[in-house]
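Letters A, B, C and D mark the chains as written, and numbering starts fresh at 1 in each.
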């Protein structure tokens, strides 16, 4: 398929490469042009603007850091809203607010374009390996048209309904779930250390029994060894997602006290100077409170 | 082996049956005698007192509801501390405080008896099916002597060190981890419902991807359908375990804010009249706060 | 002085009346015009737009519900930014975000106008009685020029510095302090009731000893008797202020866990249908959790 | 009156001195005898045991650090339960658990002795100056008999009912209220500092307006200047009281989330090595989380 791809950060680059490998034809755009040019050797064409990346494309995929960046590439002066053909699809992969997802749905509809929300779970290594989990919502026929693209980037696609917003809420709640795992491990490890038990011993029991899931296996060792320097997902982005889930919850009047607690952990991590670390570094809070 | 078995609640009965099936010779004791007599047809002998259950046994296993009950069968007027032979082993399976575990270690040592802490993860159905996860701590040689017993009741034994207390701390932290799963799912489901997404849809995405673990699969559907009437583990016992982890954490000065939050959820569930439900019912708090 | 006054809600009406009584000449504007016309009999002139209210005024005072309303009257198509004379002063009385206060400072400076932030503590009855506490920040000379206005509406003015934002942060933190009083009383009263002690007995001890302050005397009886129908300050506005203090705290990286807790209480109150009550109604949360 | 006085810590010494000054005849006991001997020059008689202090007394007053110490002087081998005359009164001034207060009520009743719970608010300087606030509960006639004693030590007595436990619950909730003031000021001061506003400026506004109460004036400056070295009430005792209010609340099923939050703050303060400071030092938590 002819695909415009916008946003070549850690996640976007891996995804775009997998689309190219699967035989799709990509026109790529990134604000920092050099990251786009790096894909030229693989066969991608570099666009000078988002508008240009979308021209003539059957599908435009966006993978951006936040609402603001996404708004710029869609609605900004060089945005692609006017250049995307009627009948073409915008697949939004980014973790964004429920509010902007609603706005995109309306705007694309007005242009007779289609909008599919296809959020993804997985860190950059999963993006590189085409092992993402994709949560897709939107008109079934349009998701059907895109399925080969989603298959090229992930190990599984979950279709969660006709309303694109569903994919956004699920993504935000999923990231919230991950933060609860991080905080719960951090609190447990603090208890272990101060009780003379190695966190690794506890983690081994957990991940070999009831907690035998990738999420515990991925984050457990990072927290046990306080290894936060290799940044798969930066701490300020983690705070952004926490903010988004709290906003989504406030909008529908559903209190989420663990999300509030994690919010305060993120802020404390920033106050203590850990903005450059991986988001898992908010787990330092539980250690610090225990005098570790 | 000749085994005294004390405590035939939902968990203890399943465990005792599996020991008998594995060919061990059991003398059983339960405060409510009828539950002990129910095992006679399988070949168990019923003892009138804990002291009698331990007489002549190579191993005494205890599976009781709380510290108080355990203290009674060991140190009480009919307790087995004086009747257990020197060189014999007390295997404590119960979820108890760190404090009483230390006291047992000292008391048995004084009597030249051995003390092994072998805590278990799993609900009554896992106990029935000999699928428990066993976390054993104590002198390696003594755990070795008991291994056939532990094999008969569980699917795996983790040996976590020479200090029996390690098994107690790990059990308490493990139960804490379960409460964090329950609360995190409850908060997410409240968000889903109020956003028009079925909790089951969200749960399916989670348990098919990063959260592919038994604990999410066991508790998720219960919370999604608010099914708390079938009591595998009663709510007041859940509060007891929460209290124990908070006490263990306070003793070593490690704050556990999610445990504090869950504490308040348990209290609220009791205040609202849900003491007769399964411990998962504290998840009602997140629903109630969202007006559901 | 010749004063433009914009925003005639419960607070603004009382304030405007006191300014008129003190002999100042008011041109008033309110979105719902009838509330402005009600002041005509006292001698106020009614303006059709914010722009008109400010024309020729030495001072414009604004008392609006939120950032959005304030932005509209200043920067909107009928806003007063272009019509306020150079050298004139905008006194912002509203509880608004730190962010918009900064924006106003810059915008007025560019127009060679002055900007004073003069936030107020007190409920509508205090506004009526000219008993507000005023917290003023901005250029000392300009506050000096306005002092007679501030004296006309309050019992005391605190000058807290040259940076207008200081008055906003203090107001937000002050409102936060009030919420901590409400929540702490609610939790204590729940304990009292369930212990068989009348909340009023406890309140009497407190307010006659160490907690002998207006805030406890004002809110204590409301909470003790669950009287939230008479709305001095609506619950959604309380949530707005809570959001603003959390935003101000996040901006400077200062976690405020009680503010997070109160946030969740507000959301729960809205979810349970109490949006039409006074903001103190979030105290229902503690009662509800205790089964009361 | 002939008074036995037991417990001469910082609070007890001031109280005992004021009783002597008021003309009462004291027989004093303290575990560390030297503190008792220091009162001999004022005319007190030193007893070798609690039992001896109570012999022949019309009233025994106890002011001890915790349940354990109180149990020892009443029920211990040298305790005064057997030596206190029938018809005599035990006035318990200590901050103790609801549970032990109930036990004392029953035990004294059995001995035909009277039990009055008269808890006190105020720090050591207030005890020295006879400015305590006394909260008395018990049989009205017995409180009447003691009134001259209570007048000698405090500025006001509140009679809160016939059930002695009421005075204990009110004392515990009162101390909880103080912790909410400390935490709320700490969070606000952190916000102020990081926003460039002096905490003292904020405190001045608060204590000159709605928060014009001794409690804010006493604790505010200590927190603003981080002065916790002069110990009026030691941090571990503050944690003890926090534990007692949580226990009282759990017993009657009333969740107190701010108490839970403060609990975690106390634990963190201990983990970080501040056990030797005044209890206000738990306010360091909010500062630390803000990177201050």
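Rule of thumb we're sticking to: a contact is a pair of C-beta atoms (placed from the backbone, for glycine too) under 8 Å apart; a residue touches a chain by one contact, two chains touch by 3 or more.
Everything quoted here is computed from the prediction, not taken from an experiment.
Both subunit A and subunit C are touched by B, D. Seen from the Cα centre of subunit B, the chain whose own Cα centre is farthest off is C. Residue contact pairs shared with B-C exceed half only for one pair among A-C, B-D or A-D, and that pair is A-D. Once the centre of each chain is set as its mean CA position, subunit A and subunit B turn out to be 38 Å apart.
Distance between chain centres (mean CA atoms), subunit A to subunit D: 53 Å. Annotation for subunit C: residues touching 2 or more other chains are 194, 249, 253-257, 261, 264, 267-268, 271, 289-291.
Subunit C meets subunit B in the complex at residues 194, 264, 267-268, 271-273, 285, 288-291. The part of subunit D that touches subunit C in the complex is made up of residues 98, 121, 133, 135, 156, 158, 160-161, 163, 165-166, 169-170, 173-174, 176-178, 180-181, 183-185, 187-188, 190-197, 201-202, 204-206, 208-216, 218, 245, 248-249, 252-259, 261, 286, 289-291. Contact residues of subunit B toward subunit D in the complex are 249-250, 253-257, 260-261, 263-265, 267-268, 270-271.
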